[in-house]
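Paired with chain B in one complex and with chain C in the other, chain A is shared by the two complexes that follow.
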Partner chain A sequence: MLNIQLNGEARQVDSAQDLASLVQAQGVKQTQVALVLNGELVPRHRWPHIHIQDNDNLELFSAVAGG
Partner chain B sequence: MLKIADTDFSSRLFTGTGKFASGRVMQDAIAASGSELVTLAMKRVDFKAGSDDILAPLLSRGVRLLPNTSGARTAKEAIFAAELSREMLGTEWLKLEIHPDPKYLMPCPIETFLAAKELVSQGFKVLPYVHADPVLCRRLEEIGCAAVMPLGSPIGSNQGLVSREFLKIIIEQAGIPVVVDAGIGAPSHACEAMELGADAVLVNTAIASSADPVRMAKAFAKAVEIGREAYLAGLGATSHHAVETSPLTGFLGTHP
Partner chain C sequence: MLADKDFIRYSRQILLPECGEAGQQKLMQSRVAVIGVGGLGCQVAQLLAAAGIGELWLFDHDMVELSNLPRQLLFSEADIGQSKARVAADLLSRRYGTAVRALGKLDDASINLLDDIHWVVDCSDNFATRHLLASFCYTQQKTLVSGAIAAFEGLLFLQAASGASSVKSGCYHCLFPKDTESAKRCASQGVLGSAVAAIAALQAQMIQQLILDMPLPSGRLQRFDFRHFRWHEARVPADPHCAVCATRGETDPC
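On to the complex of A and B.
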């Protein structure tokens, strides 16, 4: 298992997991979120090709109401 | 018809999606407003709170999304937010707003200019939220912004067009659309902005915080149309003293 931070919370994830499956497991619409890995925006098309590393810091952003 | 960055808009009322009591009320109010461009913010997903899907109903209505960079305090943060929004929503349209001061939410002209320049070069359709500064608006036009969005008064303050005289100068000088954003608190304020020759207005708080947002959205839609018609018709000149509307000679006062 790997220890990561996801939106500021400590999580443990399977070491074989890629970013696409991790996003999918969060129950969010993949087409409506943006993913930042260790401070870098990762385009959606690259998610399946990037495996999670120990101590990764992931942030998922979505659209919310605003003016 | 209003055209911003090669997109036509038949409604000159743009709306924000914030502060509504519920997603349903927001959707109904936007439908009632006739708005074809709506602003959105971005946030880290809160897995515990869950979230309404605000996008699907908006997209099904065919409205264009205008994500904002609210929360950014520097050009660097705003550029990052813009890249997030493009990845998230697949749009290059952006309401660029950088306001480091939480009390008045005054937009920082320096950071906004720097961010706008970079984002235009990256292909974004940049609509910067700015103070009603005619010089800044011209500079933002020169570097390729799609429109400028000068404020009427502080965000959410409902004070109306405190910046009226400067808005007039901006409108007079602008070669790109001028969208009066922020502070419009009543349909009369929106009407006034349109009478001055604004190309559109952006309204959020005044609709969202009304006791009846759907009805208020309709009122704003009418006010914007009326103001636009009055602008096209051409307002009469103002004068400090009275100018008679009836003949004053040859009647009661003139008999011997």
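On to the complex of A and C.
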């Protein structure tokens, strides 16, 4: 198991998990959210190719367009 | 040279060494487009008009509704049913003496009006408009200050005219590509007017600092989580697959 931070909260995740499956596990629609990994935005098309590392800091947030 | 009355009127701005009389003249010679005259747009337009921005162009085709009034502070009950852009333009020009144009919906046809604009502030309420605008601004080398708000989430993103920096940073489409859908909208999720005003004030501040030649980092997402009162900043790198800013021939990152 890996120890990560997700939106400021400590979490444990499977070591084989990629970013796409992590987002899916949160029950949110991929096209409605954005993901920041260790301070850098990760384009959605890269999520399946990036595997979570120990101590990663992730921020998952809604795509907002309101004005 | 500023007129004596303007010197007194804008004295608190002129006192800032970064502004001074020359800076105030820059503000007064600037032409800014505000896309969307809702919660964000009302605040942005008022702050810019009060600061002495020379010309404002307001794009919005919506009419004032009762549910707008808690956060769209340029409107009153007497304005319900009237054009937001028209009401805002009349009020701002009367109160601040600013030259304000009321324009309709921003679409494929009207977007070319922005050719004559120096600075663009995105205060719209949907991704279709945001994507159209960001793509145009990238192609036409206009600086775009994008703000968005819904529920307790506020976003701020600067898409500088490319070439301003030697390091290529991401554009709005790198942040939210074309197939992005809105999870949160003010109409469905709700929002407090004060949160809207906070993001709008930052947009207005950003535009004025850019006009005053104060460099600001482009390609960085500023996100304010109002629920926990926490700022988050993220780098938005240029995406080699971006439909708008990717350079042909770049290698596949995957």
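Criterion: the second predicted complex is superposed on the first by the 62 of 67 C-alpha atoms of A that agree within 3 Å, B and C clash if a C-alpha of one lies under 4 Å from a C-alpha of the other, contacts with A are read in each partner's own complex, and residues count from 1 in each chain.
By our rule, a residue touches a chain if its C-beta (ideal position, glycine included) is under 8 Å from a C-beta of that chain, and two chains touch if they have at least 3 such contacts.
These numbers come from a predicted model, not from an experiment.
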| item | value |
| --- | --- |
| Which superposed partner A:N3 touches (first chain B, second chain C, both, neither) | neither |
| Chain B versus chain C as contact partner of A:S15, first or second or both or neither | neither |
| Which of chain B and chain C A:N57 touches, first, second, both or neither | neither |
| Partner chain(s) touched by A:H45 [first = chain B, second = chain C, both, neither] | second |
| First, second, both or neither for A:A65, with chain B first and chain C second | both |
| Touching partner for A:Q26 - first (chain B), second (chain C), both, neither | first |
| Overlap of the chain B and chain C footprints on chain A, listed as residue numbers | 8, 28-29, 32-34, 36, 41, 43-44, 59, 61-67 |
| Chain B - residues contacting chain A, complex | 16-20, 23, 26, 39-47, 51, 53-55, 65, 67-68, 70, 80, 83-85, 87-89, 155-156, 202, 204-205 |
| Complex contacts: residues of chain A adjacent to chain B | 6-9, 26, 28-29, 32-34, 36, 41, 43-44, 59-67 |
| Residues of chain C that touch chain A when the two form their complex | 36, 38-41, 122-127, 130, 147-150, 153-155, 170, 174-177, 179-187, 189, 191, 221, 223, 228, 230, 232-237, 239, 241-242, 253-254 |
| Partner chain C, residues of chain A touching it in the complex | 8, 28-29, 31-34, 36, 39-41, 43-46, 49, 59, 61-67 |
